[in-house]
Amino acid sequence: MGKLTIGCFSSLVGSMTLDFAVKLCAAAIDKGHKVDFWVSGNGTMLSIKDQRAFKDYSALEKPLKELMAKGLNVTACEACAEARGYHKDNTMEGFKRHSMDWYLASAFDADRVLHIGGE
Amino acid sequence: MATTKLGFIVQRPPYKSENPKLALTHAIASQSVEVYLKEGDLVTADIAFIGDGVLNCIKNQKAMDIYKLTSTETHIKMALLLDLNILVCKEDLARFGLTENDIVIDAEEFGAEMKTKVVPFSEITKMMEEVNHLLFF
Amino acid sequence: MRLAVFVSDYKITVDTLDRLKAEKLGIILVGNGVYHTTIKENGNPSPLLKKSANFYVLSEDLETRGISSSNISGNIKVITYSELVDLIFNDYEKLAWL
Amino acid sequence: MGKLTIGCFSSLVGSMTLDFAVKLCAAAIDKGHKVDFWVSGNGTMLSIKDQRAFKDYSALEKPLKELMAKGLNVTACEACAEARGYHKDNTMEGFKRHSMDWYLASAFDADRVLHIGGE
Amino acid sequence: MATTKLGFIVQRPPYKSENPKLALTHAIASQSVEVYLKEGDLVTADIAFIGDGVLNCIKNQKAMDIYKLTSTETHIKMALLLDLNILVCKEDLARFGLTENDIVIDAEEFGAEMKTKVVPFSEITKMMEEVNHLLFF
Amino acid sequence: MRLAVFVSDYKITVDTLDRLKAEKLGIILVGNGVYHTTIKENGNPSPLLKKSANFYVLSEDLETRGISSSNISGNIKVITYSELVDLIFNDYEKLAWL
């Protein structure tokens, strides 16, 4: 079994890219792999708690919590979050916040890195 | 004692999205990653500007004066100050009619010793082959 | 109609501009759209500039990207945010951000 | 003097598009025009209070508050905000939240509508 | 008693951004705008799909089954149910090799009487001229 | 290197793909990248499909957009998320999302 590090970056909220990343995390964990998931830029929106699950909008809080229970390691870029007004007290339980070096450290011993940086 | 090499490839122009800036700030974070690693372990970050991404390197950007925002130019200078290896694709500069005079080459005012390297794309291909993981922005 | 079209990208992913019809057409280059004014690919000016239209470029967005207003050719009018407001209210009746 | 309605939609946070829209609001208000400003999709991020003003990130809370004091009418799409976990209690003071019909009603008597809907 | 006409033009494919969906939900909001207006005043919304935007109209989208997200197809059906005028560019469908069989034409299952109209671009130009304001997505 | 490139857009604004060199190149179509599999402009298949590469398309993203897997030509392998995980770990060593 391997380790997959996924990074999901800016300009991606409201696209299906975060949905893709969460489904890929799930598929990898189901196969017994270890998964680190880093969100930065606009992707940090994923970390906010109490997102209303409308059917018109991607609602990822529930699947994320299930994945965290199965061992998903998920971290938001602290500066990117603070700059958007996402503070510790409105962060989803279990969602970590660190500076950018966390992502690079995760890549250090990853077997594969999928960096979703573009549009 | 192990080293993991990361290659950051910036293919898009600045400001329209945060990607190029985040590429630089994340690459700079390679300088503080050891707090998470064992003694002697390293993560290195090389940065290459290709395609429209070379527009990030144009000098005299006034983002701070006008929008109160750190310019991509300043982020490149910070990366040079921290001794990161920065490659700029020679063919793409030429395609846009840009020369070394038009882009950020050094950050002497900050005391940086490192300089931006204008190299043929083949050198960037070589970098992509040598690193462990690729991060495209 | 008198239509002002805002172009904010260097790479344009929609073909709408080529199909818009207007008695008076303005093209206002803002954000990364300002690269169209001076960046020449393989020596050629941006195809966008070949359109039959009145061209404007936002000076603040030129400077942000390190492009000097003095390098802009005479058929593109360099305007400030303040002048943009007058353009919107006085010269065009409909606006399109592509 | 006229009325300008500006709408700023998705995929735009972290681009300079919100910065552009805020500067245009300021220029129009300085000339004595009335300005309504609607944010929807990812643009609703603008409504969050206590965004940390780092120099590496667009920081628009201060200029927005100054414009509100000068009469800028600024409203976020309530559903788009709730879906992202932006609730009433973390909304900037003076920033309104309404359903989408507010934007259309603002367009009703606007002299000009600048709808920034694309990328 | 006045009417302001808005033209919503969708030029981009669905899902990659929220724009096409927000175009539809905002156009649908024209049905509830009178709460803000004087008796008899109206805002109307016409919607046109052009360019890559016609890909929004492909039927049998399974976004709800797979991503638990309302599909653009369903939003188009809701708009038909609320009697909005929906135009789809004939030339763009033809360019993609799509026919009326491939796209959402009606929402009979919801009881909608309105149908999508496949029209030449010249009809969409006419609509753009007739409306008071344009909103491009 | 064995490189898998993810394409998630229909209109591609970067020219990187044409310049990447790899001993084994995989192109994985996800998100709006899946339109490249069946949408023909003026009768022509997407130029992307002319590249010398192994092609894959994510079935979930096809279905989301109303495209039936049965319409996909034989040289493009239709894969699920689960199969994508195996592809990532077993067939390619570096990944690029353009």
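Should a chain be cited, it is by its letter among A, B, C, D, E and F, assigned in written order, with residues numbered from 1 in that chain.
What we mean here is this: contacts are C-beta pairs under 8 Å (C-beta built on N, C-alpha and C of every residue); 3 or more make two chains touch, one makes a residue touch a chain.
All values reported here derive from a predicted model rather than from experimental measurement.
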{"item": "Contact distance in steps, from chain A to chain B", "value": "1"}
{"item": "Contact-richer chain pair (by C-beta pairs counted) among D-E and E-F", "value": "D-E"}
{"item": "Farthest chain relative to chain E (centres taken as mean CA coordinates)", "value": "B"}
{"item": "Chain whose Cα centroid lies at the greatest distance from that of chain D", "value": "F"}
{"item": "Centre-to-centre distance between chain C and chain A (centres being mean Cα positions), rounded to whole Å", "value": "38"}
{"item": "Centre-of-Cα separation between chain E and chain B, whole angstrom", "value": "43"}
{"item": "For chain C paired with chain D, centre-to-centre distance based on mean C-alpha positions, whole Å", "value": "23"}
{"item": "Chain D residues counted as touching two or more neighbouring chains", "value": "10-11, 14-16, 23, 41-42, 56-57, 59, 80, 112-113, 115, 117-119"}
{"item": "Contacts with two or more other chains, residues of chain F listed in rising order", "value": "8-9, 11, 13-14, 31, 60, 64, 95, 97-98"}
{"item": "Contacts with two or more other chains, residues of chain E listed in rising order", "value": "11-12, 15-18, 25, 52, 67, 133-134, 136"}
{"item": "Complete list of chain pairs which touch one another", "value": "A-B, A-D, A-E, A-F, B-C, B-D, B-F, C-D, C-E, C-F, D-E, E-F"}
{"item": "Chain E contact footprint on chain D (complex, rising order)", "value": "7, 9-11, 40-42, 80, 99-105, 107-110, 112-113, 115, 117-119"}
{"item": "Chain E-touching residues of chain A, taken from the complex the two chains share", "value": "14-16, 19, 23, 55-59, 119"}
{"item": "For the chain C and chain F complex, residues of the former touching the latter", "value": "11, 13"}
{"item": "Contacting residues of chain E [partner chain D, same complex]", "value": "2, 4, 6, 11-12, 17-19, 22-23, 25-26, 28-30, 32-33, 35-37, 41, 43, 45, 132-137"}
{"item": "Residue numbers on chain E that touch chain A, as the complex places them", "value": "15-18, 21, 25, 64, 67-70, 75"}
